[in-house]
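In the two complexes that follow, chain A is the common piece, with chain B as its partner first and chain C second.
Moving on, here comes the complex of A and B:
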């Protein structure tokens, strides 16, 4: 196990380096002058020589290769650089936002997991019956609803006295407040639930068709025990795969939810950085996200082996 | 864990965290002020955006402020000032007893926190730093004798500054400049804080203003609280301001309706009429200082050769339809000239009303009857204006003249980079004046071809230079009127709209009085909250 982990962690290095190189080339190739974005309207008020001075200050007048090597050199010393715009270190930007993003991710996964896996299993118990049709139909509707629309409807119904009952705050983040976390988690979770529900249903139906069910029944096990101990455990592998992909999505893809609910996560730092060509922030968040995603994948691979010992990690 | 146990744990968590945190701020006289984006940082020397000014206006003060109604300068930290006969020497008398904020971690020699002339001089010198990451405001001092040499490092003192005592100093100018007091933006900044806080100073501002910086959670909220030592008796009227970051206009509207906010500054697209109707007693509006226009490239390309085509396009644009009807009154249709209507000389004799017949005649005179022989025209637009319905209307109006208009939408940064190139001959743009002075539009957009249209008319340049040293307001207005007529005749723009400063405020809020520059210019120290009426 430890040899496997060591080998996998070593593989991180070339992968991360490849991602870094591709990202750097992409951000370098982004059209337009970052200074115009950095300075905003001030660009039109400043004399040209001042603008050139700032360009030199930020190292933007250097050739590609020296910019690239400089960045890699700093990265090896764990220095992600400073934002052009925010007068803040990139590592501080990530450090401040990551816990918020994790909270939202966990909230979304909890809601999505409970509803998605639960409804998937329920639908799989009697395939083709009314409950199955109802739940698969709902999953289809869930997959088709855009996040922003769902958020708006939930906000209208659950936060406005005028249109429903104000059970939750409209938006905002407060440390440790479940009330603030509830609605964004619900929006993200419902969005994930439809995919999870369909995968769980299919995996459960597949698991039910296997011969070990017959053995279990012959041993005299109750249906509930068969579902919990045999079918569900076997169905967990594809569910886990989808869950890990969802985590990657939640890491960077929940920008819309973060924006609508004023949630100070990573996505809300990334998008303005892209708009304003704040390269150190773009690079920092994306590289950090990529490494985190690789870690999640590693954890999932290890979990495969624990859930199903037939999957041997060593080979 | 069984499902019912999971549910009971969740319910328990909900009760522990959820209810205890509810409505923590009730009863406090803290303003709840929405902002659509965070300040980039809080360093006054490098601050260049409205987002930073929104907060810093309440923390830092300068020698002067602007009268929000007239745009005139009013002495503030300078108690009074004198100008010499030759208009070259200014003597300033600082107000006594103005104290810097008492902040943990910042120590003053013999606990003396008073703002004095050497504090001012230190900030003035710092603003002239050659290192642009230290100061982005060389313009504050650029009219003073010796400022350029100091900036270049040739001298260690600014020649034109003379310190007389702790509360009096003199500045000598290179040439008479009637806008000098407007541009003299050097704020009262605590030197001790700047030096002792190091890089943290950019996020922990320390000034003399009515509010002190308290706490900042990025993309969440920024809290400032009343300065107990403030020099203006009885101010600030509230105990603090909580700037709440709400990027989505729709969310802000929902929060306003639930009384989670005291103001609403942005209206979600398509909901303006509905919201104004719902909260008609809470709605306020006033003309603003921003002007929106379509610019023609005036140094190269098709439009240089064809002034009549430019004039024809100006006649062929139904501004009232766009701004009064389709955009629900978000701005005022530009029925006058290039200056926002609050400014002097803003009503030129030459105007371009919506007149398709006249436009067709002009096109014919230009040699393009019914648009025949016109090259394809591209209009470049920035993405953040993509919901604006002005360009489809222009496209439709031009089509009636036989002219095909292609609209190219680019993301903001790409657009701003692109607009200076030869490829772009026709583009959407805008300008926000900082004060009610024609110079703040003319000198940046029509002087020496420095703006993206590259408009460069020697006669206009001469007039604008003359106006800068004209101290008599009536004579100056005549110069600007003449300039305005020349520009209108040249038609380098299709003027589209003038901004409208519009907002909602709750009935328990009083004395919120912004200027034409935007809601961020309001003096928040004067704003009153009747907490007994706030639910």
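Moving on, here comes the complex of A and C:
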């Protein structure tokens, strides 16, 4: 197990570096002068010598390689730089916004997990029957609906009396308010649920075909116990895999959801940062997102071992 | 004739029967056909030019004159959605074409050569797998401009990794088959074997995933458009229609609802087709 973990950690480093490099090259290639973002209105008014002075101060006149190495060096000390526009360190911006995004992701995960896994199991109990057809059909439709549209339609029918009922606030964030969190979580979760539902159904059906079911039945176990203790536990592995890959979707989807619902998370900071070409903020949020995503995958790998002793004992 | 993997050829239903015996394939095919017709025949089918304003009918609800209502300048929404289908379908097909080409090549090379080539390529695939797709696309288009070509390439770049893994697994399974060894022993070159023997036998499981990928690309483009970063020239894509509709969303429900429904129906068609082909 520890060797397995060690190998996974070693793989983690080159992948993280790869992502960092790709992102750095992309932001380096950004066509507009970053100083335009730094100086705003003053960019045109200030004499060129002053502009060049600031450029030198920020290290933006150095060749690509030394800028890159400098960034990596600072990153290793957890220094993501300062925003060009806001008077804040990038790490502080992330620190302030991250909990909000986490809340949203957790809400989405909860909605998606309960509805997705639940409906998947329900569909798997009698494959080919009407409930199965209905649920798999719904899952396909759910996966085809764009997040932003789902958000708008739900806003249309659930936040105003004109076409529906005003059950939830249209948008916004209030600390500790479940009503504000409900709609964004639902939007984020429903899309997640459709993918999860299909995987859980397939995994449960696959688990059903195994010989251990026969043994369990011969032992005299009831169906419920077989499903809970044997099938579900075996089906958890593929479900977890998809769930961990879905974290990337949750991160990306939260950008859209936060924008629509005016939710003060990372995505809500990313879009204006891109508009204003605030490179340090863009880089910081993206690298943070990618590393977070990889860390979640790593944790899931460890979870495999806990759930399934066969994986733990291998090698 | 290329040799087929034993047992596969016999159990395969004919093309006609696939459509008749699998309702998902049939429904998916019909949906795709409808959108294809809409896109190709937009000039004939659209009741109005997509950019023609009718100032006395601004934000008119759906009626006999304007089937799906009008937008803030009185332009016919039905016509705009028809023309928008051209953009969405093109994005889906071209982007997924790029992704499939990359995925097939990478999977083939990694599976066939193995060793460090495999390690390197799969590590690269992992990097692309680990970058959250939407975040990558947002950065991609803001940095490199939202031209159609760059959107195609960006979408292709972010979605090949999964296909390459499927392809690699296929190649690995086929590599040690007898007909490959036979071809080797009579002196067929490596590239010849890859092209003539491995590719035709390995491509099936990749091909059935392609409609799903097209749907995914349409969805991603619509999200970009919704964020104001998608294709708007010469006519707005479906996503940007929904984006503009947000300003009138309390007064004109049809403006937001119909373009979004168009996206969902197109994506649904492609996913149904893939689903039906993968699971009999």
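By definition in this document, the second predicted complex is superposed on the first by the 270 of 315 C-alpha atoms of A that agree within 3 Å, B and C clash if a C-alpha of one lies under 4 Å from a C-alpha of the other, contacts with A are read in each partner's own complex, and residues count from 1 in each chain.
The criterion applied here is as follows: contacts are C-beta pairs under 8 Å (C-beta built on N, C-alpha and C of every residue); 3 or more make two chains touch, one makes a residue touch a chain.
Note that the coordinates shown come from a computational prediction; the quantities given were computed from them, not determined experimentally.
A.B. asks: Please work out whether A:141 is in contact with chain B alone, chain C alone, both, or neither, and reply first, second, both or neither.
C.D. replies: second
A.B. asks: Looking at the overlay, does A:169 come into contact with chain B only (first), chain C only (second), both, or neither?
C.D. replies: A:169 sits against chain B, while chain C stays out of touch.
A.B. asks: Quick check on the superposed pair: does A:201 touch chain B, chain C, both, or neither? Answer first, second, both or neither.
C.D. replies: neither
A.B. asks: With the two complexes superposed on chain A, say which partner A:230 touches: chain B (first), chain C (second), both, or neither.
C.D. replies: Neither partner.
A.B. asks: Using the touch definition from the top, say if A:259 reaches chain B (first), chain C (second), both or neither.
C.D. replies: both
A.B. asks: In the overlaid three-chain picture, which partner chain does A:88 touch, first (chain B) or second (chain C), both, or neither?
C.D. replies: first
A.B. asks: For A:293, is the partner it touches chain B (first), chain C (second), both, or none of the two (neither)?
C.D. replies: In the superposed model, A:293 contacts chain C only, not chain B.
A.B. asks: If you stack the two complexes on chain A, which partner ends up touching A:160: first (chain B), second (chain C), both, or neither?
C.D. replies: both
A.B. asks: Could you list which residues of chain A make contact with chain B in one structure and with chain C in the other?
C.D. replies: In chain A, positions 31, 152, 155-156, 160, 162, 259, 275 sit in both the chain B and chain C interfaces.
A.B. asks: For the complex, which residues does chain C have touching chain A?
C.D. replies: My answer: residues 123-124, 126-127, 129-135, 138-140, 142-145, 215, 219, 222-223, 226-227, 239, 242, 245-246, 249-250, 253, 256-257, 260-261, 263-265, 267-268, 271-272, 275.
A.B. asks: Quick check on the complex: what are the chain B residues that touch chain A?
C.D. replies: The contact residues of chain B facing chain A are 6, 13-14, 17-19, 21-22, 37, 40-41, 43, 46, 48-49, 130-133, 136, 138-139, 199, 202-203, 217-220, 244-248, 250-251, 254-255, 257-258, 260, 411-414, 416-418, 432, 444, 451.
A.B. asks: So in the complex, the part of chain A that touches chain C is made up of which residues?
C.D. replies: The touching residues are 11, 14-15, 18-19, 22-23, 26-27, 29-31, 140-141, 143-149, 152-153, 155-156, 160, 162-163, 245, 248-249, 251-253, 255-256, 259, 270-271, 274-275, 282, 286, 289-290, 293-294, 297.
A.B. asks: Give every residue of chain A touching chain B within the complex, in rising order.
C.D. replies: Result: residues 31-34, 36-37, 39-46, 50, 53-54, 57, 85-88, 93, 96-97, 114, 152, 155-156, 159-162, 166, 169-174, 176-180, 182, 259-262, 264, 268-269, 272, 275-277 of chain A touch chain B.
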